[in-house]
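Okay, so here's the structure we're looking at.
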Amino acid sequence: MNSVHDMGGMHGMGPIKYEKNEPVFHARWEGRVLALTSAMGPWRLPGSSRFEQEQIPAAEYLRMSYYERWFTVLVERMVKGGLVTRQEIKSGKRAGGSPKAVPRLTAAQVRATPASAGRTDRPVVTPLFRVGQAVRARNMHPPGHTRLPRYTRGRLGTIDRDHGVSRPPDTSAQGLGAKPQHIYSVRFAARELWGEQAAPRDAVYVDLWDDYLEPA
Amino acid sequence: MKATRRGFLTAAGAAAAAQDHVHAQGHDHDHQAVPSDLTLRVKSLESLLVEKGLVDRAALDALVDRYEHAVGPRNGARVVARAWVDAGYKKRLLASAAAAMEELGFASQTGENLVAIENGPKVHNLVVCTLCSCYPWAVLGLPPVWYKSAPYRSRAVIDPRGVLREFGLELPEDAEVRVWDSTAELRYLVLPERPPGAEKLSEEALAALVTRDAMIGVAKVTLPQAGGRP
Amino acid sequence: MNGVHDMGGMHGMGAIHYEKNEPVFHARWESRVFALFRLTRAWNKWNVDVSRRQIESIPAAQYLRMSYYERWFTALGELLVASGLITRAELVKGKRARGSPKATPPITAAQVASMPSAAALARREAPVAPRFQAGQQVRARNLHPVDHTRLPRYARGKLGAIHRDHGVWAFPDAIAHFLSDKPQHVYSVRFAARELWGETASPRDAVYLDLWDDYLEPA
């Protein structure tokens, strides 16, 4: 989806504001949002949080802080998943007669488990490309979720490394299942991306799946 | 909400609907959420500039009046109607809109940078300015809010058929859509197709049928009896 | 500048809101902003590309939140101050500073109808030779100027064909900075939809852009 989240190469976003000794959370609510999001994970909320974020209206997306976006999509996904209603969100109270569930994430589990891991099954799939091969990022503009940034589309690169098999989120973000395929680190010369003004020796490496690439 | 919407918002294509986030409604209403002090700030700037002699208040009034009443789509409609009834004029219009405008009595230089582009059964033209809001003021007046807003600016170039569908226009598969992005100072006027069944109408009656939307390219000109939108 | 204003091809901008019988201005303040913007331009302290650049420099979140005329108004204040026509203090207070001279407005009500358009002011009579001919294959250069340009991101690096030569015009990337005009040819260039958007686009459709010589290279 070509929305504002895809901001690689954009100008005018302002200076990088470095905060010395920045706290992990700037307010208590931020930490609660992170925790709530994790705790709701085992409920398998519909959609993907990334794709939901990308659909936040552009002006809002840019205005919101990071955890405000997390909070926004958490609410959307819970409502879409039928776990809460908008009225309940508004009132902050369980609706009369609605069932009480049992939490799926316990404190013990949190302490025992490392940070969330993805699926660990790795089916065997033949790679379409080999290391060193010249490739072109496809000029595709899917209206749904994708991890192919606009700034790479149509650009020439080289396969730097094969990361093995995983699933691109383009179809799974919409609940359509995912096709396991190889993901590669692809090297793009800076000048290829940004024109003659860029440094001649520099490069940008982007991790891209088979489906995003074509032979050059 | 103040703005009335045509049916296409509910009939919007699946792709468009998928892009609208549930809580997007209302965020795109450009002209609604005005900071309460903006009216005062504008008044303040106007009185400052008048006080400093930088602008003349009567000139401000004249300019507003000009674009509220004098310059508008009726200009373009006259050009289109003349092109429909006079093949020689149409040829001259397509070659040089500036000269063609003068022929109709418009002040010289009015059509200075205007380019007329002709619709046909196999070619449909659509005009946009993705970078800002460039629009053929001389023949259409000031652009409507939707033309200047993000949804149209972003989608017209990548999904013109989807946009046209939302405006109620379905084009045949074998037609060619040409989108004109007004990136320079050239301004585009779509010369829509003359509606079938309009053969007996006078030039004046024809001009009355030509809409702003048809001259931007998001609509075709239709006859009221045929049930088309005015 | 790769700013949010360069939005051709973007998704997620919401539905097109069509208003039937839309008034020219939705509030009086809009009409005043429109008129002020046009009349102050007559002081020749800036050109159309300077003013576009000013609008483009509005921070992204605000640019998207603001209505059309609110952007014009925001930019106008900055242009007036930057040009020295007014001071920041005068802008804030809405009052002429003590002792500041009173000028004579360059445009009167009678002159409004004959004010030159932005286009008339951008054309150049310079005898510059065109680099390209109608029908020729060209590629839009992969430029990423940090400042004002009229080459949209979606066209950069794309293959097109010269449709028509529109003559000689001032170069916006230069005049936005008050640099010398760099007069050059502007062409209508046709890009196939599939060239811009990939295989899912219609095979027959095209987008035409008006591009300056400096934006193009032979293909």
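Letters A, B and C mark the chains in the order given here, with residues in each chain numbered from 1 onward.
To be clear about the criterion, a contact is a pair of C-beta atoms (placed from the backbone, for glycine too) under 8 Å apart; a residue touches a chain by one contact, two chains touch by 3 or more.
As the structure is a computational prediction, the values presented were derived from the model and not from experiment.
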Which one chain sits nearest the middle, judging by mean Cα positions? C
Suppose chain centres are the mean of their C-alpha atoms. Which chain sits farthest from subunit A? B
Quick one: subunit A and subunit C, Cα centre-to-centre, how many Å? 34
Inter-centroid spacing, subunit B versus subunit A (mean Cα positions, whole Å): 39
Where the CA atoms of subunit B average out and where those of subunit C average out, how many Å apart are those spots? 18
Going by residue number, subunit B touches two or more other chains at 19, 21, 24, 27-28, 150, 154, 158
Specify, in ascending order, the residues of subunit C that touch 2 or more different other chains. 9-14, 64-65, 196-197
Per-residue overlap in subunit A, given as positions that touch at least 2 other chains: 1-2, 55, 57-59, 141, 143
Subunit C residues touching subunit B in their complex are 5-20, 22, 24-36, 38-40, 43, 48, 52, 55, 64-65, 67-68, 70, 73, 76-77, 80, 85-86, 90-91, 94-96, 100, 102-105, 107-114, 116-120, 122-123, 150-152, 154, 166, 169, 172, 186, 188, 190, 193, 196-197, 201-202, 204-212
Touching residues of subunit B toward subunit C in the complex: what are they? 2-6, 8-9, 12, 16, 19-21, 24, 27-35, 38-39, 41-49, 51-56, 58-64, 66-68, 72, 107, 109, 112-113, 115, 128, 130-133, 137-138, 141-142, 144-146, 148-158, 160-161, 163, 166-167, 174-187
Write out the stretch or stretches of subunit A touching subunit C in their complex. 1-4, 9-14, 54-55, 57-59, 62-63, 138-141, 143, 150, 153-155, 193-195, 197
Would you mind writing out the residues of subunit C in touch with subunit A in their complex? 1-4, 9-14, 56-57, 59-61, 64-65, 141-144, 146, 153, 157-158, 196-200
